[in-house]
Amino acid sequence: MPQTDNPKWGMVIDLDRCTGCSACVTACSLENNVPIVGEADAGYGRGMHWIRIERYWEGTYPNLTARFRPIMCQQCGNAPCEPVCPVYASYHSQAEQLNVQVYNRCVGTRYCGNNCPYIARQFNWFGYADMMPEPLNSQFNPDVTVRSRGVMEKCTFCIQRIRRGEETAKALGRPVLDGEVEPACAQACPSDAIYFGLLSDPESSVSQLSRSPRAEVMLEDLGTSPRVIYLKAGSGAIRKEQP
Amino acid sequence: MAEEGRIHLALFKDVYPATMALDKLRELGIPDKDMTVVSGVPYSDRILGRPKYMTRVPRYSIVGFVGGFILSLLLNLGTPYLYPIHVGGQPLYSIPPTILLTFELSMLGLIIFTFLGVLFESDFPSLGPKIYHPEISNGKVAVVFDCPPEIHTRVHESLAALGAEWVHRTEAKQL
Amino acid sequence: MTADATPISQAQIYDEEEDPRQHLMLDPRPREEMNSMVMEAMHTTTREYWIVVGVLTFLVVVCLFGAWGYMIATGMGVAGIRRPTMWGMFIANFVFWIGISHAGTFVSAILRVFKAEFRRPFTRAAELMTTFGLAAGAMYPLIHLGRVWTAYWMVPYPNQRQLWPNLRSPLSWDLIAITTYLLSSTIYIYLPLIPDVAMARDRSTGWRYKFYRLLALGWRGTETEWHNLRTAINIFAFAIIPVMFSVHTIVSWDFAVTQTPGWHSTIYGPFFIAGAIFSGVSAVAMILFLIRATLVNMKYFVREEHFDALGKLMLIFSFTWAYFYFNEYMVEWYGGDLAAKTVLKAFTQSPYGWIWYLMLFCNIAVPWLLLWNKRVRRTPWLMFVIGFLINVGMYAERFIIVPTEISTNRFPFMWGDYFPRIELVISIGSLSLFLLLFAVASRLIPLIPVWEVQEGQLAHSLKRFGKHEVATKSELE
């Protein structure tokens, strides 16, 4: 399978298969040590989940439909969150072509959070990890940093899994196989709505799906060139809620 | 000016008798470089009838501007070379932010060096003893001159005739 | 000419004949007397003064440093910011104070360049407002940081980790621009202060004498010293104007270069500058009223004519601000995309609707209805009230721009309202810091640049022109 030197990781989410069950949200939180903020803060909009299921209601009762879409960091090619960070805590990694967040470097200006058009970034308002009651903090994933307060965080496409996949492949002396690397959300999805792979490999499943007539990206006119491609759900285009 | 013991200070109520005093002093043979006017309000060279004086402060400003300009080029073009990080699809050496920071840092250099120019050119801070009279800051105009001892009585009489409130030989005193 | 026309006496036509001595420049007093008036103002401290200073110090210690320390120890969560409004009142305060600080530069630099004589007595008070406004405002980029103890990472300096900050970020531009502006305005206050501090040195004893002697650097007033000083002040006056424009433009670009609907507007640069000068000049009017009310002898220096001139400037800048704001609104209302139009709708809805209407009332209705009237402009307490309302309106404008406009974005699921928490306490603290610095400075350094006032008075005289005595100004420079 041909592979470029700079692999371009991408994700395809099939909205026809997505049931809105939030298994991806849970899996992501557990895999990436996403803190639990408590009821009060979550109610005030400080939830830390890296992936959210956006849900809009259409119609009036009893003829209601729910339109939902899992949204996480879109890993934009021209990420607006990157140039605004004064300390380069958010930059574009040339190796994985991902938008990288360096927790240790983050000063906490939250400019990136404001500039993300997908509102996909979260900020550690308190030292939530220190506030976790005793045995719960044993469940932290040792592959992933536990963030202190005052730093921004966001979906990383489970870069720890990408790295492990690449290292395994390199040790075995072969390129990464399609489907070998799976972020937590893709792994947990019961209806297999999330696909992950190399967009730089034209034969991978994500590349093939991205060529489907149902494929779209969000906010395309902004020119952010996101790496998350959505396959439109059945009955026509997904309309944004008219405010 | 000259050595101790020859400096005299004449205090006038305002600028008109002071300028006449300068003419008188020139008549009596004291060269322009041996006299100066000390006042609480600035008077231009033309008003005082003094030779034109070009201050060197603008040279400091230009040096500061150039210094700031160079510093900004180092920061804008040097740091991406030393620490290349790609962000947001923008080029590493981008022109609009470079223009912006170049302007700011050049102005910063200009401003700091103008201030330093004032300090160096006026010999500030100098807290030692100086020739001065406190009435100067009350709006009086003083003429400080170096007078050869032979003519000093004649000088004092002429200046008093022009309206000097106070004419004496002075010593440098703590300000 | 008809036969039964009766000659009209001069008194009838001109019954409100202005006494030319109403103008400070035409009412000269001996320099010695002006000096002692200014010295007396500095030395007079009443019991009320010390009570005010005590209260302000308490507020600064508790509300600013105490609350900020608590926030550093506990976390940013004690403030009201949240997703999606990750910037709230802290940044609105920051923009507000940087805006106010533009007034000083406007008065002492732009009015100096245009040789507007009415600026003479209050350039120092205005420049103090710049420096103290910057001191209050420049704390906010530190206050709003999630990890303020790492703030020095934003400074470009060679370090052992071989890291450099991102100079393409508007926040880095902010850092450099505000440092430049703070240094420039401090030096620009200091240079014209030197002759006045020398005057104070000649008239003081004890600790004041030592303090002024140090500050005066040995100034005497020789020709060389004056040449150097005046050249430097002229260079500064011309140089600080583009710095002033660039600083607030860079602050506006914190918002304008983003992708956020509502913020991404090309007019933010001039709009912010117009707003800054508007709120700054109004704040100068407020400060001048307070100076006249709390310091002795100030009524000689700061007169109705100065409030009149400031009032005209306030009216002009109200027009300018309204023009730029309407420009922005109209362009988004007519041709903006859906997200931008939604932001406009959010202005009139709760919980922010009252703030938007307050802004329009204070910035447009109040100046346009009142400031055209000369009698209103010449009433100092009324100018204080109008200046206060304008500053309230301008703060409402900053509040609308910062937390309100980002609360509405392209994903209605993520819309969220912002309610300030500890920001209110810290805001009170920084306002107290500003007032405290002013209160202390008013008794430490002469607030009136007496040498500039005398310089102006020497240049002005009354001359008979036809049947009337007119003021003339000579070009003494």
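Should a chain be cited, it is by its letter among A, B and C, assigned in written order, with residues numbered from 1 in that chain.
In this section, contacts are C-beta pairs under 8 Å (C-beta built on N, C-alpha and C of every residue); 3 or more make two chains touch, one makes a residue touch a chain.
In this text, all values refer to a predicted model and were calculated from it rather than measured experimentally.
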(message) Of all the chains shown, whose C-alpha centre falls nearest the centre of every protein C-alpha atom combined?
(response) C
(request) Return the chain pair with more inter-chain C-beta contacts, choosing between B-C and A-B. (result) B-C
(request) Starting from the mean Cα coordinates of chain A and chain C, work out the distance between those two points in Å. (result) 45
(request) Averaged over CA atoms, how far is the centre of chain B from the centre of chain C? Could you give it in whole Å? (result) 30
(message) Suppose each chain is reduced to the average of its Cα coordinates; what separation in Å results between chain A and chain B?
(response) 64
(request) Any chance you could list the residues of chain C touching two or more other chains? (result) 163-164, 166, 168, 172
(message) Touching at least two other chains at once: which residues of chain B meet that condition?
(response) 83, 85, 87, 90
(message) Multi-chain contacts only, two chains or more: what residues does chain A have there?
(response) 80, 83-85, 88
(message) Under the stated contact criterion, what part of chain B meets chain C in this complex?
(response) 36-45, 47-48, 50, 53, 55, 57-58, 61, 75-76, 79-80, 82-83, 85, 87, 90, 94, 97, 100-101, 103-105, 107-108, 110-112, 114-115, 117-119, 121-128, 130-132, 134, 136-139, 144, 175
(request) Quick one: which bits of chain B touch chain A in the complex? Just the residue numbers, please. (result) 83, 85-90
(request) Using the touch rule from the top, collect the residues of chain C that touch chain A in their complex. (result) 74-77, 81-84, 86-87, 141, 144-148, 150-151, 153-154, 163-166, 168-172, 175, 254, 257-260, 338, 342, 345, 406, 409-414, 416
(request) Spell out the part of chain A that touches chain B in their complex, as residue ranges. (result) 77-85, 88, 90-92, 94, 225
(message) For the complex, give me every residue of chain A touching chain C.
(response) 41, 44-47, 52, 54-56, 71, 80, 83-88, 105-111, 113-115, 117-119, 122-127, 148-152, 219, 222, 240-241, 243
